[in-house]
Amino acid sequence: MSPEARLAELGIELPAPPLLPFTPRLRRLLVHDGIGYLSGNGDITRCGRVGDDVDLERAREAARATAHLMCRTLREELGSLDRVERWLKVLVLVRSAPGFGEQPAVANGFSEAIVELWGEDAGLCARSAIGVAELPGGLAVEVEAAVAIR
Amino acid sequence: MSPEARLAELGIELPAPPLLPFTPRLRRLLVHDGIGYLSGNGDITRCGRVGDDVDLERAREAARATAHLMCRTLREELGSLDRVERWLKVLVLVRSAPGFGEQPAVANGFSEAIVELWGEDAGLCARSAIGVAELPGGLAVEVEAAVAIR
Amino acid sequence: MSPEARLAELGIELPAPPLLPFTPRLRRLLVHDGIGYLSGNGDITRCGRVGDDVDLERAREAARATAHLMCRTLREELGSLDRVERWLKVLVLVRSAPGFGEQPAVANGFSEAIVELWGEDAGLCARSAIGVAELPGGLAVEVEAAVAIR
């Protein structure tokens, strides 16, 4: 089943990206030679520091919401999610309180949302999860990714 | 207009990279299959923590200086900036004080320097901006990038 | 001399990756179009904060151990290290105490282990080293990488 068909079956609505209070000088998606590079993205309605004012479950939800924001970007830029042949690599940045070390569990919220739509063969990919001090606008989670485009 | 022509027109001098007090075991630029991978780079004359002893404007200047350092590397390694067909992806790391969330504004200093030379079509690319705890030698800003080579 | 031959000559045993107390939803290595993307990896027997309870020398050893863990992954996934034509890019994340700025010296521990096996031509690559607040499970060092596969 294609990602678009699966999305419809699950009844998932892809959220509109929020209007930012600034103009980042970037492309949300740059495609070159069959690879799509997705800019760092996050859900600005979910801010805070994970392990402090954001707990693990809410951080996973922020990661899942970020997956859907990226899907929205992919659909707007490519016309359809079905043009994404497979996910190659994601970098998951978790704004972490001192001593918080469960970044992989947070990142699973992103990966599971992608696997739900693309399946394991095309959705599971290389991944790094790290804890950073600060993220734009106080985001709890930011993700950047590379995908193969057909 | 080509990046080299534009550079001459604007009268921008590309700075020489500083002599480092250590030997990093890396290539400044590795080219493989038409993609150039640029190592993390930053201006060691601009150190400090952004949002603390470095303000936003000086951080933007550090990001802009880093763009010119990378251009110097590209020219030395490739012979001419004109061999860079387009910028693909940049990761901008901002050494951030607690609560500083304007990493995208800092990163714009880098992106605008690149767009000045390559234009929007070839210079605007995928980008992530994050706040990190520490950078080599106390750098305020470090950037790594990937470019397409012709 | 091939990396496998060199490994045997040096008598290096590649460590088995540890059993993790969680299931990260990722591929340790994803190969697409001749590029291998290696997930972030680190040695969970070497935790702590560099510049605080982990000193520079132990951090370099953690980086070296991570290189060997990645080689183990490459051999398990590809059958032989000799299928790695060259290293393209590594991102070295060092969990850093405030004021610690020697991330490149830590990263050299990784790079030197790779150059020992592949030589400078194929082993030296683009690299970024940064200091992050937290890493999964309290790792001192985490590395992600991209390699060219033959």
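Order of writing sets the chain letters: A, B and C. Residues in each chain are counted from 1.
By definition in this document, contacts are C-beta pairs under 8 Å (C-beta built on N, C-alpha and C of every residue); 3 or more make two chains touch, one makes a residue touch a chain.
The shown structure was predicted, so the numbers you read here are calculated from the model rather than taken from an experiment.
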Handout entry: Fitted rotation between subunit B and its twin subunit C in degrees, CA, nearest 5
Key = 120
Problem - Same vs different contact residues, subunit A with subunit C, by half of numbers used - result: different
Fill in the blank from the handout: Rounded to the nearest Å, the gap between Cα centres of subunit A and subunit C is 25
Handout entry: Residue numbers of subunit C (touch at least two other chains)
Key = 91, 132-133
Exercise for the section: Would you pull the subunit A residues touching subunit C in the complex into a rising list? Expected result: 34, 86, 88-89, 91, 94, 96, 98-105, 107-108, 111-112, 115, 124-133, 146, 148
Handout entry: List of subunit C residues in touch with subunit A within their complex
Key = 22-30, 32-33, 37-40, 91, 93, 132-139, 142, 144
